[in-house]
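What follows is a pair of complexes built around chain A, which joins chain B in one and chain C in the other.
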Partner chain A sequence: MTRSRLAERLVQLGFFGAVLVAWEIATTRGHVSALLLPPLGSVYRDFITLLSTGQFWPDLGTTLYELAVAFLIAAVSGTVIGYAVSRSGYSVKVFDPLFAGLYAIPAILLFPLYVLFFGIGPASKIAMGATIAFFPIVLNTIAGLIYVKSLYVTAARSMGASPRQMFWSVMLPAAFPVLLNGLRMGLILAFLSILGSETIASFGGLGHRIVELGENLDTSKMFAYIVFVIIIALLLNSAVSFAESRGRSHPA
Partner chain B sequence: MTQATPAIRVEGLTQAYGAESDPRRVVALQNTSLSVARGELVALIGPSGCGKSTLLNLMGGLAAPTSGQVLVDGEMIRTPLPRKIAFVFQESTLFPWRTVLENLKLGMAFQGVPKEERDPRARESLNAVGLSDFADHYPSQLSGGMKQRAQLARALALQTDILLMDEPFAALDEQTRMVLGEDLSVLLARTGKTIVFVTHSLVEAVFLADRVAVLTARPGKIKTIIPVNEPHPRSRSFMTSDKLNALRNQLYELLHDEIRATMALGASAGAAETKSLYTVKEEEK
Partner chain C sequence: MNAAHVKFPPATARLAIIAAAFGIWEFAARRFGDPLFIAPPSRVAVALFQLVHEKEIISAVGLTCWELVVAFVLSIVLGLIIGLIVGLNRFTRGSMYPVILLLYAIPQATILPLFVLTFGIGPASKIAFGVSHGVFPVIMTVAAGVQNIEPLLLTSARSMGATRRQILTSVIFPHMVPSFFTGLRLGMTAVLFGVLLAELYVSQSGVGHFTTEFTQTFQPQNLFALVAVLATIAVTLNELCRWAESHFTRWRVS
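What follows is the complex of A and B.
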């Protein structure tokens, strides 16, 4: 790590340190109610208990299950539909703006409807996550496939590539970075929307647990869960970045 | 098919873009005919936008002509013939997500070469262009000259009788281009392929070709064909010879008027552009 990189890291760490110090001062010296902002020490103790007892497992399991199913639905339908649309210039002209327009609608507004359709259980969260993740995936699939350099296609055609070879050996790898970007956005949006929906109406999941703790004024434990979710989100992000760096196996 | 059948025969080829009634219709190539004998190396030279690349693409079946026909070994073609014709393009068309060796093997897979033959053939072609040490490099790790060698290797690995090259060295600096030209001359003399290549460089055309076909300004057609009459492979001394110089000068004289004509076309197109910009501004008010 160079000196400037080190300095950047120090400033970033300093920022978190400052937030924690301000928190500590506000709760010990200040007049902030422990109900609204619990002391750091108690959040820390609750966090350790949370980890050591493993009481997070059922909620984490529910949320990750919803995320996995929602993402799978969105990834498969998004790439397949995106591919189908990219096949003709006419359908791109029709569907690309249509999907882009729908993407702009705050889809979370559909959640009450999904609760009516699918109930308060995981199904409505899955539907929500899949709906929101579908759009970046389908849009990036279309964009990735239609902007493949035409010279690659011409060269492959001159060498006799069959339609199948053209798709698997030219179009897909050429579009892959853009496609992967859509999948990454889809996964993160699905995670956010599932957590959000769980806070609105749910029987379980991390979002639901946090709301429940808040409603019982068990704020220290609530913060412990929030920290836990942040860590899960960070892990998810690094997993995706890792997959992305593996996907781009060739030097740029 | 006899030995006398030309490898490529172009008959009355016209290529136009846009409908006949459309005022923006562009005729890239008009009633062009040309015959390329087996094992012959023909250079196409002409002013920018004269339809050289169009002619080359039509010869390789990458496009279908508006009228006229292309006969390869006496048979009419309108689609690519991967077993007979290989291309080398001006810009690198190596796939960046595959190594050089994998690029060569993929080309052969497209062409239908049995799997077990691909690796030895790919290595042999890389060896022929002097890129053996770069087999496992990705295209982005190669210089411009090396990329063009790799593209040539990919075309050679396909073992076609005909090689069509569209300004293969245009993106390279003059020194690299001269050395690659020498290498190419030696390499191609050995393979005995029929070759048509497009170039902007008068020296390159004379140095490499058996005949140089000079195209007119758009709409392009063949103005003259100059024979070079010099055995292959061409040596370095040919590059500096009076003969090459005289032929180059002759080409320059032939091309000069055509280049002027093209520039006049360009000037009028430029004027139209200025005018339309002006109209847009007027409309905004």
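What follows is the complex of A and C.
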């Protein structure tokens, strides 16, 4: 068992090793232009410079600010509207297919409109991120709240729970895992769409920086920024998974 | 339920809400909107009828549809092959699955410039970028579909003397079908995001070229109309996948 685990790790290491070796050979011995694929060494140097000078801070700040505001808008409006809709079976039947249908439209299409409305600054990215994150949050809120086992509801009601107690002690804890799942999806989608819309039209942010470096053919620095963003994304992913597992193990 | 609470069927109420939204939009855009930035639905409808007669627009929309279809087909083929390789063998799953998860976690929007550098600003970069989005959901669902097979089914097939090939074609593949179609639907959503994002980023003759032009020349009615056309195409493609998913999974209990 441990031997096969070891072999699996070796294959993984071998895969990344092979990629790096192929990269190194292609850039030093091969005929790949440094504009297309910069040598590993220079990407490494640029990455270290990037970290040590802290020149990433303004762009990281812009992107995280956009993400935070967009997520806050989507989380508050999504859970409040989702809760309001879930109150009656009729409004669920009216609104749930409506939200699901709108969710099927690729929201990135709205970005040109948002640029027209909100300008090329952070506001259009916030609107984009909030729009994309709203739908999984509202749909999961509705789904979580309406699928609370009727047994719990009946039991709580027969014990004389007030509507307030019902919400805080029964509905919310029971729906919490599904709610969290929606919030996680919303946050990740908002992050991806904000990065994406920054590449399309922006003055700042990590997505914009990468595109600008690419357009100036400063490829080595662009790769350094890409590595940086990938690390940020992985950190964000693991932070969200951590929060989700904590939330699951201590429901309310 | 008393007479004061007579309720319309949900579908009617939904249509009423949509109609009301259009009404508010029409009123607000005419009353408060700047015609350089927002167009009421009536003007968008007029623009829509003019746009469908413009050859350049039609060919741009056609080009984008072609990019979407090619990217989707490539995603399915590659995703199916990689998914089967990863899912069917315990060793490849243990070793390669984490690598694929890691690659999936990379925000692809950041490597969009690399696609343009490598594949140029024509359709090739949009297709490649769409595939880079669409292939992962297909891999994940195919790999998951061939894994979570009830041991009972495998044991009984084996005890009846099925060969490895027969197990593959008669047990594993049919079992994979539902999750495969789920993967197709998720893949379509991802391909739409990838191709449209790449179109909006840089485009010579696709729809991205015209969205940029309409935005910069302040023609919101044309922009809204083009977005409406693309949204309709996207929703149609999504619905086709959703239909295929429910059609091919209905034989399953639960």
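As a convention for this text, the second predicted complex is superposed on the first by the 237 of 252 C-alpha atoms of A that agree within 3 Å, B and C clash if a C-alpha of one lies under 4 Å from a C-alpha of the other, contacts with A are read in each partner's own complex, and residues count from 1 in each chain.
Everything that follows uses one rule, which is that a residue touches a chain if its C-beta (ideal position, glycine included) is under 8 Å from a C-beta of that chain, and two chains touch if they have at least 3 such contacts.
Keep in mind that what you see is a predicted model, and the values were worked out from it rather than measured.
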Query: When the two structures are overlaid on chain A, which partner does A:G160 contact: first (chain B), second (chain C), both, or neither?
result: first
(Q) By the touch definition at the top of the document, which applies to A:L51: first (chain B), second (chain C), both, or neither? (A) neither
Larger residue footprint on chain A, choosing between chain B and chain C, goes to C
Under the stated touch criterion, which partner chain does A:A22 make contact with: chain B (first), chain C (second), both, or neither? neither
- Item | Partner chain(s) touched by A:F176 [first = chain B, second = chain C, both, neither] | first
**OP:** Classify the contacts of A:L206 with the two partner chains as first (chain B alone), second (chain C alone), both, or neither.
**Re:** second
Output check: A:V94 vs chain B and chain C. Expected answer is one of first, second, both, neither. What do you get? second
* Tell me which partner A:A239 touches in the superposition: chain B (first), chain C (second), both or neither. => neither
Q: State whether A:L6 touches chain B only (first), chain C only (second), both chains, or neither.
A: neither
Footprint intersection on chain A (chain B / chain C) at none
Chain A contacts chain B in the complex at 151-152, 154-162, 165, 169-170, 173-174, 176, 249-252
Listed in rising order, the residues of chain A that touch chain C in the complex are 4-5, 7-9, 11-12, 15-16, 35-36, 90, 93-95, 97-98, 101, 104-106, 108-113, 115-117, 191-192, 195-196, 198-200, 206-207, 210-211, 213-215, 219, 222, 225-226, 229-230, 233-234, 237
Contacts from chain B onto chain A in the complex sit at residues 60, 62, 80, 82-83, 85-87, 89, 91, 93, 95-98, 106-107, 109-112, 138, 140-141, 158
Chain A partner, complex, touching residues on chain C are 7, 10, 13-14, 17-18, 37-38, 91, 94-96, 98-99, 102, 105-114, 116-118, 189, 192-193, 196-197, 200-201, 211-212, 214-215, 218, 220, 223-224, 227, 230-231, 234-235, 238-239
